[in-house]
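Following this line, the structures themselves.
Okay, so chain A shows up in both of these, paired with chain B first and chain C after.
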Partner chain A sequence: MIDRRKFLTTVALGTASAAFLSACGQSSSSGQTGSADKPVTITYTWWGNDDRAERTRKAIALFETKNPDIKVNGNFSDFAGYWQKRATEAAGGGLPDVMQWDLSYLRDYGQRNQLLDLGTVKINTDGFDKSLLPSGQIKGKTFGIPTSTNAFAVYYDPAKLASLGIAEPDGSWNYKEFNAFLAEVGQKGNGTLFGGTDYTSVWWNFNIWLRQNNIKAFTDEGKLGFSKDDLKKWWNLSADLRGTGAIVGEDKTTQLLPKSPFGSNVTATEVTWDNFMAGYLADSGAKELKLVPVPSDDPDNLGLFLKPSMLMVASAKTKYKDAAARFIDFMVNDPEVGQIFKTSRGVPASKTQRDGTTFEGTDKLVVDYEKSIEKYLKDAPEPPIVGFGTLESTFKRVSSDLNYGKLTIDGAADAWFKEAEDLIKQNA
Partner chain B sequence: MTQSPTLSRRASSAAPQPRTSRRRGADARAGYTFLLPWLLGFIALTVGPMISSLYLSFTNYNLFDAPKWIGLDNYTTLLQDERFLQSVGVTLQYVVFGTPLKLAAALAIAMLLNSKRKGQGFYRSAFYAPSLIGASVSIAIVWKAMFGDSGPVDQGLSFFGINLGGWVGNPNMTMGMMILLTVWQFGAPMVIFLAGLKQIPADLYEAASMDGAGPVRKFINITWPMLSPVIFFNLLMETIHAFQIFASAYIISNGEGGPAGSTLFYTLYLYLRGFSDFRMGYASAMAWLLVIAVGIITLIFFKTSKSWVHYSGDSK
Partner chain C sequence: MATPTQSTPAATQAPVYNPKSESVTAKRIKSAIFHIVALALVVMVLYPAIWMIASSFKPNSEIGGANNALWSANFSFDNFATAMDGIGGVSTLTFFTNSLILAVGAVVGTVLSASVSAYAFARINFPGRGLFFGMMIATLLLPFHVVIIPQYIVFQQLGLVDTYVPLLIGKFLAADAFFVFLMVQFMRGLPAELDEAARIDGAGHARIFGSIMLPLMKPALISTSIFSFIWSWNDFLGPLLYLNTPEKYPLPLALRLFVDQTQSSDYGAMIAMSVLALLPVLVFFLVFQRYIVEGVSTQGLKG
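Coming up: the complex of A and B.
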């Protein structure tokens, strides 16, 4: 009984100090290699839903057939839990050999010597757009190779709009028109179908809006580039919609987790990354989903950009550098991998992989969407600062409190800024 | 943690009384030898980590870089951290309402099960079962589904015309749900109460009946005072336990303490600060404040216990 009661406190204190105690030795060898008889086993981890797990397993099987001297041990979790696990592993010196990675966390781990400099191993990057590769680099070192690109978009379900008798949008809209559209869906949906989730609750959407207004999210010195008033203005954009049918209530959204309201057929639209298409189709069972650009009050500046939807990284402490490099090369370049994932990771970043993939149906929609916005694309945003992952999740949490009516817009802006300033001070 | 002094005291007082001094030395050696595995584990796995956590609580430590000494900064920041204060509020609410309700349920069921009836063994197991599985992850998931929109609870209440909707997404209802979850796990204190009730001599009740005492009178004048050491034990253990709630809150709120911070329990916030925000120094400071707070509460319990806990053979 005593052990059980003591367990939690001990865990809390213990894990913290386990990190402290484990001063791990760095290995300097170029890595062990295996053979077909005695293959080496590398570990690989990723985040995503069942759909992605299925595709990843196929890719791993293919890799193992082509490389009989390497076995890949795969493991996955959802996005939020993913980073807590990585933190624990990094503290214990036991990060998996190869990992799917997000731009938001590249600095946190790369700057702290947790990731392998992929410039020191053999990975073919000839087929990559030269403007994309720097997103995986920090101070001249390559910590991540982008697998694919994604862009922000408004999803909608044409069948749901048709059943309500609402015309499909063409994507040339400003915020006022977009709000009116959401309100119309909410009104006609009559409590069973909502317009969308609160689009102001997503950091990247805010970042796009800042770009539409020619404001930088972060300065080159790693400080905030926008003011509290900007943030208040942003949250005010959807103020009239909160609590109406235009926006699905937080109480509903919370209960649907880990599924999204759009994937659960509760909303008719969603504003998010275009590579979520495959996941949404699988979750909702909808026949077809379509993509249009995000609203903007300046029709010539949509603030859109291509972001590496995910990167491949290796642990700095991996014992199998060669095997890890070969697996990463395979995952980003092999055309057959492109055929397996289609656009579920985003549009393949490597030309060899992209050209070797046939895009049909909804996958073609995603590729076509990225082509259609080409003329609006601007440079990728400033590299996120250290601790950006926390800022992003705080943004979501504060917005959620706002939707619950627990915070006013002023209070929400204060809360977020306090957290951000505290964090920037911590990491300075 | 708070039990460890009690433990070692118990361990040393449990040693048999010496007959000769030589014998005493041999006994002590044997005793400590048998204790050694436990002592080693205690020092390596509890004392060591606690000391380093105490050190870390005075540093800025992000898991990757070497800890930076910042003195009392973590502690002073904590007191201005609104989320920290919120987590204290949430946890206190849970402890203050959850624990007494759970103990009341445990005592009530124990008294029902104390009478001699057919199939007592079955009922005891049945009532104990929830506390065996209650702390598990799967139950938290089931609980979440039961209290969701159109879940069994929502539908059941709607049948009686109470339309609350799902509890899981409603910040005003989640605490009620968490308290129900803990009350439902009354099995462990119930078994202890049951054992305590069996120790009360039946003739006391007989004598009271002769004098015309009703059930309420018997409870106030016999059951309560005779059971008070057991009540005290249960109250103490369950209070400490309640402060440490984590797993169910983590599951039900998807590890975020939501909705709107209504399940942001102390240990959950500690975990988030440590493992989501990489602020291990801050998290360690929180852990130590919890240790100190639970320690003080335990001390208060012991001090006040003199006035209401009666041990048989006491002159009071």
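Coming up: the complex of A and C.
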């Protein structure tokens, strides 16, 4: 049996060694540093296609020439595989040093202490719009620095509108005018060209409409900030359009997958993020696409905001905090990096990077659009709640049932609220 | 002229009951129906493959979506050129080589280890054989996803992440219970008199296994090779989790990089690369498929 004295010594020894170890940890808080002769190697991982891989490779090469004491090992995968891999690594304790990140996963990993508080390291954020930074922060800790932004917009194909003899919209419209526009396209398109997809089926559209009505989507406690009536009102907005040529049917949309109706040249407009431009151009083969602001019943409040299209984060367990911070700083601020990526990550978030980049063609369209809505921009929402991805996809699913006519508007609102409240309770 | 004279005896014979001639026409009709149905099924089954090959020659904007035509007027090899360009400075040939290394490693490892283990289970009466056999079968019931994280932690602590070891070591240690089971079943079907005769002649286990069992097991070995080659060739999750350096990626990881829903997707290049990626598997199957048939037909060897 262990007697009391022995027990106490053991505890004392244990506490002392724990204190010693944590002291060690603190003393090396800036992490190990390297030199030109003996560079440290950090790992950086991102998702994206072959084009992004090529651009990132160039950016890394540039970073290594400018910082001979740091080597960067890059690796990449597709978006879906990316999160499977991160989840496994997080469980195994081996997240890469620096990672490209998506807003919807920030709270989840941040709350579980997997990400480094970037407020404790040196990263220059002077060039950032102050309304943008909160989107990478949770409870006062900065977990992510936005690389680039995107904003919501209405896309249209000017060639298609011209062929139907419809004037191009100027983007100052309310919902009634927007509906009338969609209906006109549907009528003249005569079954071959539809107005658009049902704009009420996308969560972010709803969120923007809520902002236009000064309602918060989520309360500070992470609960729903709007009522069932708000949601019913929203789904009622396009009630007259469903089943007409103004909105492409859900069955048709499904047939077109994996492409979108807009990318398949079946609709003349689409309401979504402005960074889909390159994808739509590639899918549809259209010569030119244009962007205008979303409709609003309050012409002074469009509810628009800049959302980080992606963020840079570091692993909480990285041994090279200083090197990681320098790499993040380089990727978000360096003008030459902007010149490499153009708008393929979104519009560069940092002013130094944005100003140092020359934009042409499509890139310029997106940048000009974001500049044109500057005066309407309000603070970006906080990182979405845990499980937000599910809420978003449920929203889409319930709306498509509504479009199929399987649910009434009241039934759809009930169905969505029930699932949303269950989910929020589960994750609380 | 010859026809009418010849048809006369046939016409006179007609009233006579002739079951044979009737069943011949019936058989012909049946066979025609069978072939038509079979052909329709073949077209249905092959359509995706035909669609894929046709699409690999189409420009990206004409693939999927509202485009229903199988052939495009804008026929080109551009997709193949893009696919062969590689990704992020790594050539497509590297991805092919990596896939090949992994697949060949998997085949060699599985065939060696599974056949030895199967011999032990089928022919050696060691203590606890039933228990171990049961445990092996139990691993078949364990979904892969349950063991992902513990396995990852083990390999990470051993410093083996970003090497091919985690992807191949299981194959060399007979961790694929399915193949062990397949071979055990096969060996149980082989007459025990053969090993007894060999033992009387003074052969040990190694000799019996090498000279008697292995040659007889050819069909099982071949089907194991085919399956483990195809599974390894198509494996996505394993390489995704364990490999970090793009230079070590196999094809399935590279294939996904042409399709990115958050930016633009190059379906054309992806499909072209899929066509290229399919070729080795197809060749592998065509070469060994002969042996499957051969193996099955010589299997009727009973004591």
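Following the convention adopted for this analysis, the second predicted complex is superposed on the first by the 280 of 428 C-alpha atoms of A that agree within 3 Å, B and C clash if a C-alpha of one lies under 4 Å from a C-alpha of the other, contacts with A are read in each partner's own complex, and residues count from 1 in each chain.
The rule is short, and it goes like this: a contact is a pair of C-beta atoms (placed from the backbone, for glycine too) under 8 Å apart; a residue touches a chain by one contact, two chains touch by 3 or more.
In this text the structure is predicted, and so the values were computed from the model without any measurement.
Of the two partner chains placed around the shared chain by superposition, chain C is the only one that A:278 touches, whereas chain B remains out of contact.
In the superposition on chain A, A:393 makes contact with chain B only, not with chain C. In the superposed pair of complexes, A:258 makes contact with chain B and with chain C alike. By the touch criterion defined above, A:84 lies against chain B and chain C together after alignment on the C-alpha atoms of chain A. Contacts of A:36 after superposition: neither chain B nor chain C is touched. Of the two partner chains placed around the shared chain by superposition, chain B is the only one that A:114 touches, whereas chain C remains out of contact. By the document's definition of touching, neither partner reaches A:167: not chain B, not chain C. The contact surfaces that chain B and chain C form on chain A in the two complexes overlap at residues 80-81, 84, 88, 91, 257-258. Interface residues of chain A facing chain B in the complex, by the touch rule stated above, are 1-2, 5-6, 8-10, 12-21, 80-81, 83-84, 87-88, 90-91, 108-109, 112-114, 249-255, 257-258, 387, 389-390, 393, 397, 400-401, 404, 406, 415, 422-423, 426-427. Put simply, chain B touches chain A in their complex at residues 1, 3-4, 7, 45-46, 48-50, 52-53, 56, 60-65, 67, 77, 82, 148-149, 165-166, 168-171, 188, 237, 240-241, 244, 246, 254-256, 258-261, 267, 270-271, 274-280, 283-284, 287, 290-291.
Those residues of chain A lying in contact with chain C across their complex are 43, 45, 47-54, 56-57, 73-81, 84-85, 88-89, 91-94, 96, 256-259, 263-266, 275, 278-279, 281-285, 344. Interface residues of chain C facing chain A in the complex, by the touch rule stated above, are 59-62, 64-67, 85, 87-89, 148-149, 152-153, 156, 161, 236-237, 240-241, 243-246, 253, 256-267, 269.
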